[in-house]
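Across the two complexes that follow, chain A remains constant while its partner is chain B and subsequently chain C.
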Partner chain A sequence: MAVSAVHLESDAFLVCMNHALSTEKEEVMGLCIGEVDTNRIVHIHSVIILRRSDKRKDRVEISPEQLSAASTEAEISFNFTHRLAEMTGRPVRVVGWYHSHPHITVWPSHVDVRTQAMYQMMDQGFVGLIFSCFIEDKNTKTGRVLYTCFQSVQAQKGSEYERIEIPIHVVPHEAIGKVCLESAVELPRILCQEEQDTYRRIHSLTHLDPITKIHNGSVFTKNLCSQMSAVSGPLLQWLEDRLEQNKQSIVELQKEKERLIQELASL
Partner chain B sequence: MEEYSTTVRLSGFVLGSLMFQHLNTDSDVEGLLVGESVREEKSKITDSQTDHIQFLHTINIQKHITCRRIHSFYNNACEIDEEKIREITSNFNEENVIGWYRQRRNTTQQMTLKEQLVHQNLRRLLPHQELIFILLTPSDTTSSGSTHRLEYTAFIWNGSQYSSVLISIGNLGMLDQQDYWRFSTTCPSLSRCQAVKKHKTKFFSTEDDLREVEKVSNMNDALLDEMKTACEKVEKSERLVEKLQADITELKEAISKQKKKQQQCNTTETSTPNEPKENVLLCAALKALFPNSPSLRTQTLTVQGFPVLEVCCSSEHGIDIPSRLPLVLEYEQGLRKRKTSRDCRSQEKSQVAGTSLRRKRKRNTTDTQDPAEEEEVDNLQDSNSPVF
Partner chain C sequence: MAASISGYTFSSVCYHSANSNSDHEGFLLGEVRQEETLSISDSQISSSEFLHIVEVHNHEPCAQLFSFYDYAGKVNEENLNRILKDRRKNVIGWYRFRRNTQQQMSFREQVIHKQLTNILGIPDLVFLLFSFISTANSSTHALEYVLFRPNRRYNQRISLSIPNLGNTSQQEYKVSSVPNTSKNYASVIKEHGAEFFDKDGVIKDIRAIFQVYSALQDKVQAVCAEVDQSERVKEKIQEEVKKLKEEISLRKRITAAEERRHQESLNTENHSLQDDSALSDSSSPPSLTRVLLQSPPLEVSLDWPPNSTALPLYPAAPAPPSAILLPRPQAVGSPGHPSPSLGLGNGDGSSSDSLNRQAIGQEDQLEEEEEEEEDEDEDSSEYENLVSERLQSPSLTDTAVSLGRPAALWPDGDTHSSGGSS
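== the complex of A and B ==
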């Protein structure tokens, strides 16, 4: 086995979870950034939300060539990687991918396993994460969120692949890193760009009459308002709450620091 | 016929934030929930009934207030600390507190007796009567640790018991791109009619661009910019919190080191009684009185009681005998006098010895000194021991 475990920092986990919970109607995906240590443990300290040009309700995988292109599209160029390395103080590279399973089981499908196997041909240490959400048990009125980590190996019989479990631990990281914050606020920007691209493609059709254009404009307005209401608004609310919480923490921490300084001086 | 339905809603960001809080803590966590409650009445007419009324109650959770530690707003008897609740909710209107939550690992999705009591007491205190309690229970799904699960439920008191309510996660849903029309309407007259031509300009800023699209795009761009500014402020505050936590850790380590150092010094001081301190005055007195007996100036004896000559003190302590030890001086002078008189007596003795035979012959008649006393005096004169 190429990887022994995955350590996912909690602020990176937060970005993944926010992304997965942003929509229950389609699968979303992103890339995991980090490094692999000498004990074959994959450390993920940030993620990048990917924009999909071909959105399908039930599938989210992209080919290795598309993954490479996606890495470029996501600005994982030398300059960005270098800047990221400077910001985090750690070497960085793409070490895995994550995607969501809304309303379906957390286990990877045969397509997911095959996709993961293809990624592993480029990089043996590449890992896959799946976030299953919007699971509801109507009997017990309980909601559920699950997440798993896996890699692929050649099945003993035939040429198919099968999944192997990789232990995953979410490592506490109380303060949210700069890269994770920037990734988190990238989501509404990506959604807006996707919607604008779709609208422009429709609007550029030359044979549309004014009534149809007005209707399409209203659809665009409706969709953008949905994004503002369901994503941008709650995200802005969370940022303001986090700032408020940090301000209170700063006051308390400063008091404690002064108390400790006085205690040290008296010794 | 009446039907009651309660729904609890929160955004994915609030759920993510709750999970984030618990992942960064070893123990259980709890806090308060802020939001609003909306009630709606709907009439539903069916073929069988004309008076079907649906009462819909939606509780929207907007944010959660983290408590620094568990049991922070109630005691072991589950009595609520009103002062603490006011302190926690000082930035919010108490009416907006709609519930509380608790997160505990590897436990069942059931309210404990303690949680029920706390909830009842909170209901009495807070104005919002239909208070909710959200329970989140993370656990491992596989023994390898590859898969993890979080379950969550809302509980509400319905007058006689607690009932669980499904939590709905607000999200984008599907932006149905099928909603866009890709083909024109099938009525050419509609496009050519005067009404459309006249009012078209109200919708289009130029030949092709729609005013509504421009306005909503501008508003969205402004919102994204505001979000970016908020993000930058949060980032600065995160770094400041990190720095303060690092400073505090450093200070605690320094204090701990200092305390250990002090403890070690105290231990070193208290360990010296094992080594006997030298009585400098005694040593000086012994040297003055018995200059030829260095063995008297030792504090170390063998098991048999003999002085250890190797550790005899030979150093000059610089004690001024006349001022510090005047009695020793007096005695020393007395000793000298006795010695002098002893020497004289010795001489006389030798003279007397020559005439002692003569005295012996006359002892029976004239010698009044007891021979034993005479011997003691001689012994005393021979001894060097001080007499106090």
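== the complex of A and C ==
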């Protein structure tokens, strides 16, 4: 087995959850950034939300070539922007992908397993994560969020790919990393860019009459409003709450620090 | 009755829960409002229904367990006010996160809930229970959540929805106009429709809404930068506090060791004196003192190895009172972080490297204290919880069996054994 386990830092886990819970009508997707250690444990420090040019409800893969291009671009911009290599003293790279299964079982579909197998051809240690959400048992009113980690393996040459389970642990990380915060606030920007691209394509059609153009303009406005109220707004609220919580924690920690300094001085 | 919680608040609760080794709890802040829905049916022209909507806006996590109640489950209003401060008026409920337990309120939780209802003066206080289960090989994990309305009959459960983007409806764009050869139609819509376009032929609304979005995104970035800064400051102070605690415990250890050595050297002197004379009463006080000095320092739980600074895994939480007692043998089963008993999946039998081992060692150490604290917390009426904790290995296997069923059977709404839903 190329990978023995996956350690997902809790702030990266937070961003994955944010992303997965952002929409229940489509599968969302992103890349996992981190490194693999000498014991073949994959450490994921943060994630990158991916733009999808083809938004289909039931499928979410991008081709290995696209993935490779996206990964390279992500790594270059990532390392450059965040100077992560400097901070950790080690190079970090794309080590896996994650996507969401809204209203669907957490297990990867045949397409997912095949897609994962393709990615593994480029990188044996590549792992796949799936987040299943918006599941509710109507009888017991129990909601569920699940997550799993897998790789693909071919039982025999020429046969279908199968999923193999990889242990995954969410590792505590008390403070939210800068990289994770920045990934989290990328979501509204990505959504807006996707909308703008779609609108531009429509807008370039010249044979539309004024009524249709006005209609399309309204659709754009409506969609952007949706994004702002469903994503940007709650995101901003959460950030403000977090800031407030941090400020309070800092005050309390300062008091504790002073108390400890005094205690140390008295020894 | 309906309830909603934002995806960001939900994720934040999951995040705080993932960071804690033990159970995690906190308060739900938000508002309850009434919505009137009018409906027309065959029997009545119009009937209106009042729907209570519980909206959770955010949560106030408690830094540790027992912060506002004691082991007997008695709520301390002073501590409660200290935690909530002026957010007290926004409380609409509270939540608890537990691992490997049943989807039912425990006895203590019910007791606390009743008191909170009275103290906070919220007749319909809600309780959100999160329970976390994993497969035996830790490859798949499930977080189940139920919102209870304990003050109602039969401990009513409410559906909790997470509002989201839903359908971004890019299919709603029209790629072609409805064919129309009417000249009147064309001229009217061109003349009056011109209102909507600016001089570049761009719809004015588009620019306007984009401005709103831009301003909002700028604000998001700005607050994000502030949050980032506050996280770094918090991290730094946490690190300093941790170092101070280590320093203090180190000093205490050194002082204790020195005292011991001093006493021992005195004793050897005394012994050599005793050999000469027949007096022997001087031996008892020094040995008594020796026993006292040799008792473990109070901060035993915070005796982290000096080279652990590279792993900022845990908050420098104050030692729970029970840490002074002898630690229990290592507890099986673990929250979401690696534990040798659950298997790190080293299929070929290779051992983890020292860094990992150290991480595990620390986790187990903390796990011991937390597990120990937890078991002491549960009184006899919470036997179910206690049993489920002690029998973590078999219950995880059960979970593995039920979660290992073919995808079609789970989780499509079948109540499976491990969820334990009533």
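The definition used in the following text is that the second predicted complex is superposed on the first by the 250 of 267 C-alpha atoms of A that agree within 3 Å, B and C clash if a C-alpha of one lies under 4 Å from a C-alpha of the other, contacts with A are read in each partner's own complex, and residues count from 1 in each chain.
Methods note: a contact is a pair of C-beta atoms (placed from the backbone, for glycine too) under 8 Å apart; a residue touches a chain by one contact, two chains touch by 3 or more.
As the structure is a prediction and not an experimental result, all values here were calculated from the model.
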### Query
Do chain B and chain C fit side by side on chain A after the overlay, or clash?
clash
### Query
If you stack the two complexes on chain A, which partner ends up touching A:176: first (chain B), second (chain C), both, or neither?
both
#### Entry: Partner chain in contact with A:160 - chain B first, chain C second, else both or neither
neither
### Query
Once the shared chain is lined up, is A:227 touching chain B (first), chain C (second), both, or neither of them?
both
### Message
With both complexes overlaid on chain A, does A:4 touch chain B (first), chain C (second), both or neither?
### Response
second
### Query
Is A:39 touching the first partner chain B, the second partner chain C, both, or neither of them?
second
### Summary
Where chain B and chain C land on the same part of chain A: residues 5, 10-11, 13-14, 17-18, 21-26, 106, 133-134, 136, 138, 140-150, 165-170, 172-178, 181-182, 184-185, 188-189, 191-192, 195, 198-199, 202, 205, 207-228, 230-232, 234-243, 245-247, 249-250, 253-254, 256-257, 260-261, 263-264, 267
### Query
Where on chain C does chain A make contact in their complex?
6-12, 14-15, 18-21, 57-58, 60-61, 103, 135, 137-147, 157-160, 162-170, 172-178, 180, 186, 189-190, 193-194, 196-197, 203, 205-206, 209-210, 212-213, 216-217, 219-221, 223-224, 226-228, 230-235, 237-238, 240-241, 244-245, 247-248, 251-252, 255, 312-315, 336-338, 342-348, 350, 352-353, 355-356, 407-408, 410-415, 419, 421-422
### Touching residues (chain side chain A, partner chain B) in the complex
5, 10-11, 13-14, 17-18, 20-26, 57, 106, 133-134, 136, 138, 140-150, 165-170, 172-178, 181-182, 184-185, 188-189, 191-192, 195-196, 198-199, 202-203, 205, 207-228, 230-232, 234-247, 249-250, 253-254, 256-257, 260-261, 263-264, 267
### Query
Touching chain C in the complex: which residues of chain A?
1, 4-5, 7, 10-11, 13-14, 17-18, 21-26, 37-39, 41, 55, 105-107, 132-150, 165-178, 181-182, 184-185, 188-189, 191-192, 194-195, 198-199, 202, 205, 207-228, 230-243, 245-247, 249-250, 253-254, 256-257, 260-261, 263-264, 267
### Residue ranges of chain B in contact with chain A within the complex
11-17, 19-20, 23-25, 62-63, 66, 91, 109, 141-142, 144-153, 164-167, 169-175, 177, 179-185, 190-191, 196, 200, 203-204, 208, 210, 212-213, 216-217, 219-220, 223-224, 226-228, 230-231, 233-235, 237-242, 244-245, 247-248, 251-252, 254-255, 258-259, 262
